[in-house]
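Naming follows writing order (A, B, C, D, E and F), and every chain is counted from residue 1.
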Amino acid sequence: MGRFQPFHLGHFDIIKQALSECDEIIIAITSSQFNYLEKDPFTAGERIEMIHNSLKESDIDLSKCIIVGIENQFNIATWASYLKSALPKFDKVYSGNEYVSMLLNDSDIQVVYPKFLDREKYNATRIRKMIIDNENWQELVPKAVVQLITSINGINRIKVISQSDTRPTEH
Amino acid sequence: MGRFQPFHLGHFDIIKQALSECDEIIIAITSSQFNYLEKDPFTAGERIEMIHNSLKESDIDLSKCIIVGIENQFNIATWASYLKSALPKFDKVYSGNEYVSMLLNDSDIQVVYPKFLDREKYNATRIRKMIIDNENWQELVPKAVVQLITSINGINRIKVISQSDTRPTEH
Amino acid sequence: MGRFQPFHLGHFDIIKQALSECDEIIIAITSSQFNYLEKDPFTAGERIEMIHNSLKESDIDLSKCIIVGIENQFNIATWASYLKSALPKFDKVYSGNEYVSMLLNDSDIQVVYPKFLDREKYNATRIRKMIIDNENWQELVPKAVVQLITSINGINRIKVISQSDTRPTEH
Amino acid sequence: MGRFQPFHLGHFDIIKQALSECDEIIIAITSSQFNYLEKDPFTAGERIEMIHNSLKESDIDLSKCIIVGIENQFNIATWASYLKSALPKFDKVYSGNEYVSMLLNDSDIQVVYPKFLDREKYNATRIRKMIIDNENWQELVPKAVVQLITSINGINRIKVISQSDTRPTEH
Amino acid sequence: MGRFQPFHLGHFDIIKQALSECDEIIIAITSSQFNYLEKDPFTAGERIEMIHNSLKESDIDLSKCIIVGIENQFNIATWASYLKSALPKFDKVYSGNEYVSMLLNDSDIQVVYPKFLDREKYNATRIRKMIIDNENWQELVPKAVVQLITSINGINRIKVISQSDTRPTEH
Amino acid sequence: MGRFQPFHLGHFDIIKQALSECDEIIIAITSSQFNYLEKDPFTAGERIEMIHNSLKESDIDLSKCIIVGIENQFNIATWASYLKSALPKFDKVYSGNEYVSMLLNDSDIQVVYPKFLDREKYNATRIRKMIIDNENWQELVPKAVVQLITSINGINRIKVISQSDTRPTEH
């Protein structure tokens, strides 16, 4: 579960962990309804494509992976229930986020705390910052992600958003 | 009218004022659609229960009190009209908020400025802060509120929200 | 649980049943966001007022009754979860509706099938039809409901809606 | 006020009436958020353009006319209030619809019943039916409307919608 | 593209066609936000699971298939644009629906009319009817779909919905 | 295109530029759904009236001007498409905002960078600040805007909003 803005090698590492421990995994893209925003520059479609292509270019068995977009809910108390309606049946959630654990507390879903691969380094906020500053972000993400971001002119998109004071969803 | 996050003795005092001056009162819970957020940790249902139980454990005549949740409106110019549709007929609003007075200005509703019981002390933002800091917040709210917050594990909820950088409704 | 368009003696009878079997009851007004429609002529506020006044004019102990409006959800699979967030804690739902039972199936909430007082006679659709046809509907509802409907010019409202082909929520 | 699907000579006649009786008029396009539907085939933009061009090709003084799109509201009880927020200040509404009169009843807005130019003949539902049946609908609308509908391939649009069982807004 | 209520062998046949003609395919589940309704009994999650499991139990290469839920839009004129934001990049849409073709008309997306495998027989509306009538629907869908529907008690769900007059999304 | 909170002489100057270069212009009021907020104090209706009256009191030919309100979209990737559905057909957008240019990039709409009349001086945020501080803002807006703001008690509205900590749309 993650926003995947963008999908990076830290995310990929957790996917590999989950795959080694489960029969099948669901990769849930949160905030899927948002895009062209500072914290959410990429569309749901672009994020699905990033993840699908990254799994495909590696030796991952895609028949064990389901990628699904999920939207933020305003009535957060119903989030666990929304999750169950939006995803194929699942038993565990891999998450290092205590807030997520709390929301799943009253459900029958188990929360697994994954091992993180250098969380400071593999961090989407930092990667977006590096893109703005023309630093070497490419080595922090799968090759397929570099290709996708390039093909959609994503570097420019992130820069334009960061320089603009237009915040269409804020009031 | 208030968010009641949580319901405290300052709120209770205003209810007593209103009851001494009116035949019946409506207690309107604003931002009722929000929960599990920093400023709005409790659900509408939990807040109704806090207020109902607090009135019940005191000597208040509940046949004179109606508790209603109301949602924030995006088209604020229609707020007075929304209020009339969501609540039983009413003549006056007790509010110390000039913004509320302005929104009711063109309507036939009278705004009464209540006497506040030490507004610095009885303040929901301060009480949530005290909960996070393990200070003595219990004496600022009715006993029924302490019981409810305890029974739903609300202290932990407020702490987890405050420590998390997950902000599901912000973009 | 009901739309209460309008609140009638059949509803009242179920409330009395529930009160005889429970410590406290919640009266949940569904479709609370709708009004001025053929099946939903009255606002949430008007329906709360109908029920509150009806209970008050009888010998019901109002300190045991909580009246709450709830909105229809588009993601119906989350309805049980929404219900829990919108209402004070509850253990049972009184409902003769199999659809409601199905939605509560996976939750820990018990569904009680109430005894209905002549369901053909005490039926809100029929009562609205009788209002349009100037028949004797008044004896099917509490006196407080007759008073409220009269005071808001509700008979005319139901007639105008039924004669109009304006259907603002249909497309 | 009207849906203007499409704008026809009956609408135009009422605009002339209003202009002869008022200093300025507002032409409010209702259901502005809907399009590509059986009853609402044209977008808000297309309807604004139909009306603007029709007024312009005649001898109407456009400095006295303001065209505004308004959306259907789900909380219909707030409609009068929404109308005031969406439109420049106005005193009267021209409408032959009793439902509209009812909704404006408690406001300070006067409702004027316009004279209708052969309401059976100049009727948008009938015109859409004639378009589907290849009948002579062109003489019932201003020339500018014929031009616009032709330029956007609107005849085909209405036919495709009528033959399809896709109803994206129905459930 | 389809609602897949439920996923049947006719759908599966079109997927095979598309796979024989394309490098990769996207299976888009429309009306993904709806469930527990007469025309839309299954949740998005259940439909994803039906399709995923059906592809997996056959000899389909899942690394070439992406399954995505998409929601109905109210502003239908923006549908082509929404589709592009919700899906990975695509060039063609397989659809036998003229309405869909019309909405994609002004875009750069090509519409391919698929060959249908006995459209009368393999028809989701008919299959739901057969489920209600206890007819032999199982042979019209992949085995994985029979298993899933059984495991979620889906036969009962469809029957309860069909017998109920509760229509939570209609007004 | 602008929020026009309020409409000022800098906006007016760009309208004159566009009128000198185009046959007809559309003045699009963005964030039209918001009002009574710090950055958006005026309703859509009030902003339409400001602009209409300002054009009318000058020597502008109103038959060449169409004023339309447009709402912020949450799925920003569909914004260009929404714009086309909400406005009459247009070829160019006058905008000095790179974010807007980016969103129109894949469409066939040309973006024209207008000449700005002293952008520091004619700036709506600064004008709202001057209103709060009782400075001489009147000379920065058309006379019609001064009249409108006065007639709706707008100076007080802006001050009350700025002094209040009520933020109904923030969470």
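In this text, contacts are C-beta pairs under 8 Å (C-beta built on N, C-alpha and C of every residue); 3 or more make two chains touch, one makes a residue touch a chain.
What you are looking at is a predicted structure, and each value in this text was computed from that prediction instead of being measured.
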Checklist entry - In this assembly, which chains make contact with subunit B and also with subunit E? => result A, C, D, F
Checklist entry - Can you list every chain in contact with both subunit E and subunit F? => result A, D
Item to check | Comparison of B-D and D-F (more C-beta pairs in contact) | outcome: D-F
Next on the checklist: I'd like the angle of the rotation relating subunit A and subunit C after CA superposition, in degrees, nearest 5.
Outcome noted: 180
Next on the checklist: Roughly how far is subunit C from subunit E, centre to centre by C-alpha average, rounded to an integer in Å?
Outcome noted: 36
Next on the checklist: So the centre of each chain is just the mean of its C-alpha atoms; given that, what is the distance between subunit A and subunit D in Å?
Outcome noted: 45
Checklist entry - Which subunit D residues sit where two or more other chains touch them? => result 34-35, 37, 43, 75, 77, 84-85, 169
Checklist entry - What chain pairs are in touch here? => result A-B, A-C, A-E, A-F, B-C, B-D, B-F, C-D, C-E, D-E, D-F, E-F
Item to check | subunit E - residues contacting subunit C, complex | outcome: 33-37, 43, 156-157, 160-161, 163-164, 166, 168-169, 171
Checklist entry - Taking the complex as given, what residues does subunit A use to touch subunit B? => result 31, 34, 37, 39-40, 72-77, 79, 97-100, 102-103, 169-170
Checklist entry - Which of the residues in subunit D come into contact with subunit B in the complex? => result 75, 77-78, 80-82, 84-85
Item to check | List of subunit A residues in touch with subunit E within their complex | outcome: 35, 43-46, 48-49, 52, 56, 62-63, 66-69, 84-89
